[in-house]
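Heads up, there are several structures right after this.
Paired with chain B in one complex and with chain C in the other, chain A is shared by the two complexes that follow.
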Partner chain A sequence: MILNSVLPEASTYAADIDRLFDVITLLVGVPFLIASFLFFSFIFRFKKREGTPAKYITGTEHQYMKWIHRAHVPILLFDVIIVVMAVNVWYDVKQDLPEANSTVRVIAQQWAWTFVHPGPDNVLDTADDIVTINELHVAKDTLYHYKLEALDVLHDFSVPAFRLKQDAIPGRVITGWFEPTLAGEFGIQCAEICGIGHGLMPARLIVEDRAQHAAWIAENSPLSVAAGVEDESASERTRLAAR
Partner chain B sequence: MLARFITTLTTTALFSCMATAIGLPGLAVAEDSGPELVRGEQLYALCTQCHGADGSGNQAALAPAIAGLPAWYVKAQLEKFRAGIRGLHQGDRGGLRMYPMSQWLRTEEDREAVAAYVASMKPTDTAETVAHSGDVARGQGYYAVCSACHGMDAGGNPQMGAPPLVDLNDWYLISSIEKYKSGIRGNGPGDTLGPAMIGMVATLPDDDAIRDVVAYIKSLKKK
Partner chain C sequence: MAESIPVEHADGHADHGGHHEMSFSEKYIFPLDHKMIAMQYMFTGMFMAVIGGFFAYAFRMQLAFPGINVPGWGVVTPADYNALVTSHGSIMIFWVAMPVLIAAFGNYLIPLMIGADDMVFPRVNRLSYQIFLLSAIIILASFFVEGGAFGGAWTAYPPLSTKAEYSLTGIGSTMWILAVALEFVAFLLGGINFITTAMNSRAPGMKMWDIPMVVWMIVIASILFMLSVGPLLAGGIMMMFDQQLGTAFFDPDRGGDPILWQHLFWFFGHPEVYVVLLPAVGIVADVMTVFSRKKLFGYKTVLYTAIGTGVLSFTVWAHHQFVAGIDPRMANVFTVTTLLISVPIAEMMFVYIATLYGGSITFKTPMLWALAFIFEFLIGGITGIFLGASGNDIYMHDTYFVLAHFHYTFYPIAIIGTFAGFTHWFPKMFGKMMNDNLGKLHFWLTIIPFNLIFLPLFVLGAAGQHRRIYDYQNFPELSLPWMQDLRQLATISLCVMLGAQLIFFYNVIKSWMSGPAAGKNPWRASTLEWTAASPPPHGNWPEGLPTCYRGPYEYSHPDHEEDYWPQNEPA
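On to the complex of A and B.
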């Protein structure tokens, strides 16, 4: 409701995260507005007046305390709602690892993203892998695992349209998943300060439907490139690093 | 009251005199070096983190010494980085750091200004960093090929697009030659001068040969 009005939901779990965001905004926002309204109206209602002396109260009597105790009930209740919903979404996005149709390797370094796509054989680390810089190609409605690495310092693989964010830690290979549901071009950014070029390491995410994606894979695999089926339209910025 | 007024008056007068006195030579310097160098110096602040305020480079940041490199070469490299012709390769750790930095220099004037400023800096003494350096005599033999473009004194040749090599760090010479050898550099889309270098470094058969030719290049500096 709130997030998807400014940013499309492009993965299977994007809507779950947005719903959670809406619920938290409502549960916290509505009481905040009520409390602010009361706070300011009391300030104006009970402002200094001629002939009305100020009275000092400690606020410990039941008569006053009950307003605090009563507010505790919804706070605890809302907390439980938020925690239960958050744990569910967290489990789904981060702890569960559904079976993948394909796996991509994502390598962060100062200051670029390298993406290794499995080639036509759909197996990583074989001769037909497609290596690109700052451009990730995936197919719609396909479940991907990503293997995230950092070569130098902390980085963070952030794909706002997927509602995906994952730290990359030198020395570790972190596996996670996503399933794109919307074709189009989206942004990828680094979400962990990683040095002077941190703001200058944007990458593009290109979600194509399956047929288009298969064609891209076939055209750009180093094996077919070697055989002379070069892709003329390949973006100039992204050069296929595995020539 | 009156005393304070007089003090204020004299102080103001004194300051105006000093400002004029200091201001005039200041202006003269700015005129001397031209507005381009002033702009270039401003822009160079962006580069100091890696290349150093004096342009002496920083091996830990993989950034070479650039002080005194000719303006045409600096500008050409900045444009190559910007277009992703140089640096945008998965195996190029240093290049991938310089690539985004080149995006800062958005206009041709800015690239020219910073290049002019880099060229105006005095070349720094690039200390030897390689643990065991190569054999100068053997290096001289290998360098015969290189001299056709880079010059007998390794002072570069703008007609050939070949930069001077004498003031570069030994570690950077080695890493650059290795990058050419593995096709990480010189192979970008639309690189016109790079492929020639790839052919040339093929005349250096192994790591020892690379060290030898670098030792010879560095020996030219001492003379």
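On to the complex of A and C.
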């Protein structure tokens, strides 16, 4: 409700995260409004008036203390609701790894993104892989695994429209998943400071329906394009393999 | 416990009576008097706050008007931008919040509020400030070395912070971590002093539950700091070795692990929030009781919630690392512990609001700051729940929502809490009253722009704007006209707020020079510092130290004629 008014929901779990955000807003918003109301009404009601001395209350009297203790019941209850929902969403997005239809490799470095798409054979690390810089192509309604790597310092693969974020760590390959649900072009940001070019790592995410995506794959696969381009992407692969 | 134990005073500090005239440098440059050391910390902290504020001005101007030639700085390059945000964060936390809230108020208030003539270890105290000053000089000097100041954010995640070929600031990175490490040493020395003094030098008759809340809070904060800083100090030395000696503690290519630093950093970093929070809530407790003529609601409750929050704060650090590549199952544990903190913190806020109930409230400048602290910190607290919930943090992590959230906690702590304390104890520190009208003008011109800076940033964060990016024009989704309008609103508000601080400095200087004399106890407060002369002389009570007969907040007691009952007044 709140988040999708400023940003589209483009993955299967985006709506879950947005719902969690809405529920938290409600569950913290109501206590906040009550506390603020009490706060401001006390300030104005107990403004200094001549002839009305302040009360002497130690804060150990049951009649007053019980109000403080009672307030813990809803707070704990709200905490439990938020924890359960948050852990559920977290489990789906980060802990669980559903079967994938396809896998892409995402490689971050100072200061560019390299995306390796499987070619027509839909298998990574074969001769028909398509390597692009700063442009990731995926098909709608297809479940992807991403294999995230960093070549130098920490980076973070962040796709706000997917509500997806994952740090990339040199020396590790981190696997996660997403499933696009909305065709269109979206932004990718680096979300972990990575040096002076950190602000210059925008990449584009292009989600197309399956037929269009298949056509893009066929058109760009190094096995089906001119030799010059093939050399370029082959040398890119050699460079990556040499790492 | 009630007897004061003359530890170092005996030889180093025996001339409390003022028998010998001190030279200028003995009194102002290398003082042993806790009040003068407090002033050194206070004004060094304020000077650093002006620098940190200027840095914020420079990078906010770049964000609102990309590529502009910022008056006073010039064009903000990407390297400049990173150095500015890194230094802004580091300075505001380590060289403003820490020295002002813990060291300045701790040094000034602890001996005066517990009825002691000075700190237990005055020379350790002096050394603490000198090391702190050295660390401040190092962090500022790093702007002038080859490559410039470190630009890897105040969290300094390796490998960016350890390898010069990636950060391009080989010397600056080392100076940054050296300055931070020295600053920690300074506060370890200060903390030893605060704890020892509060436990051993209390006035005769002052029991544990008669200690004013701000003193308790500084003691608890010092304990938290001592328990949490060890791992980071070790980490800092490992980082320096990685940078300069070629070790590989954090280098994945040679068997190290960059995530290790994150654990060491945040194991300290999260308790650190409460290290600076607690002195501020202590100040607010003292100010609120005076200006509402009320006993603090549930003295022990406040104390226990502070201790509870402090203990819990050691168990939540990995909520900063949900998406950092830790085992995803760990996030579930840290979500639970993080949300549990809402219980003691909510209790503390309720108790403060309950203190207002039945009061007789006057809106003097310190009270306005104290009330603003509660309301603004409430916003900071509730927005933390969004980020502690792991599922939601996948999206929110490292966005401006995080930035706005922690500014709604740190700003009330470091700025609002400081102004509450400073305006409240100014009459004691300088013997003069501040101008209340100018104080209120300064208050409103600070508090309204503060909200207008950070409320828009919540919206931008929710729309997916990430932190530490020097120009959003490269991101089509983030350069929509309404977003740029919000950025400009935040920047213009910041300029108004920074400008309003001139009123504060004018008020301080004018009042110091020619304000009306304050007398011993202008606020009719009951704690012991108000029984000393204003300003207190060397030794605080040359006529003899006070004796304590009751708790610190006996306001409007039914058995007492006056609406305050000083702690030193015999029953």
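What we mean here is this: the second predicted complex is superposed on the first by the 225 of 243 C-alpha atoms of A that agree within 3 Å, B and C clash if a C-alpha of one lies under 4 Å from a C-alpha of the other, contacts with A are read in each partner's own complex, and residues count from 1 in each chain.
Following the convention adopted for this analysis, a residue touches a chain if its C-beta (ideal position, glycine included) is under 8 Å from a C-beta of that chain, and two chains touch if they have at least 3 such contacts.
None of the values given here were measured: they were computed from a predicted structure.
Novice: Of the two partner chains, chain B (first) and chain C (second), which one does A:70 touch, if any: first, second, both, or neither?
Specialist: Touch status of A:70: no partner.
Novice: Compare chain B and chain C by how many residues of chain A each one touches, and report the one with more.
Specialist: Looking at chain B versus chain C, the one contacting more residues of chain A is C.
Novice: Would you sort A:194 into first (chain B), second (chain C), both or neither based on which partner it touches?
Specialist: It touches chain C, and chain B stays clear.
Novice: Let me test your reading of the model: by the given contact rule, A:62 touches which partner, first (chain B), second (chain C), both or neither?
Specialist: A:62 sits against neither chain B nor chain C.
Novice: Which of the two partners, first being chain B and second being chain C, lies in contact with A:153: first, second, both, or neither?
Specialist: second
Novice: Does the superposition put A:110 against chain B (first), chain C (second), both, or neither?
Specialist: Both: A:110 reaches chain B and chain C.
Novice: Report for A:165: first if it touches chain B alone, second if chain C alone, otherwise both or neither.
Specialist: A:165 sits against chain C, while chain B stays out of touch.
Novice: Enumerate the residues of chain A that count as touching chain B in its complex and touching chain C in the other.
Specialist: Shared contact residues on chain A (touching chain B in one complex, chain C in the other): 110, 152, 196-197, 200.
Novice: Within their complex, state which residues of chain A touch chain B.
Specialist: 107, 109-112, 114, 131, 133-134, 151-152, 196-197, 200-201, 236-239, 241-243
Novice: Can you tell me which positions in chain B touch chain A when the two form their complex?
Specialist: 49-50, 83-84, 88-91, 93, 96-97, 99-101, 103-104, 183, 187-189
Novice: Can you list the residues on chain A that touch chain C in the complex?
Specialist: 2-3, 6-7, 16-17, 20-21, 24-25, 27-29, 31-32, 35-36, 38-39, 42-43, 46-49, 52-60, 64-65, 67-68, 71-72, 75-76, 79, 82-83, 85-90, 93-95, 110, 152-154, 156, 158, 160-161, 163-167, 169-172, 174, 186-187, 189-200, 202
Novice: If we count contacts the way the header does, which residues on chain C are in touch with chain A in the complex?
Specialist: 77-79, 81-82, 151-153, 157-160, 163, 166-168, 252-253, 258-259, 292-301, 323-325, 328-329, 331-332, 335-336, 339-340, 342-343, 346-347, 349-351, 353-363, 371, 374-375, 378-379, 382-383, 385-386, 389-392, 394-395, 397-399, 459, 462-464, 466-471, 474-478, 555-558, 563
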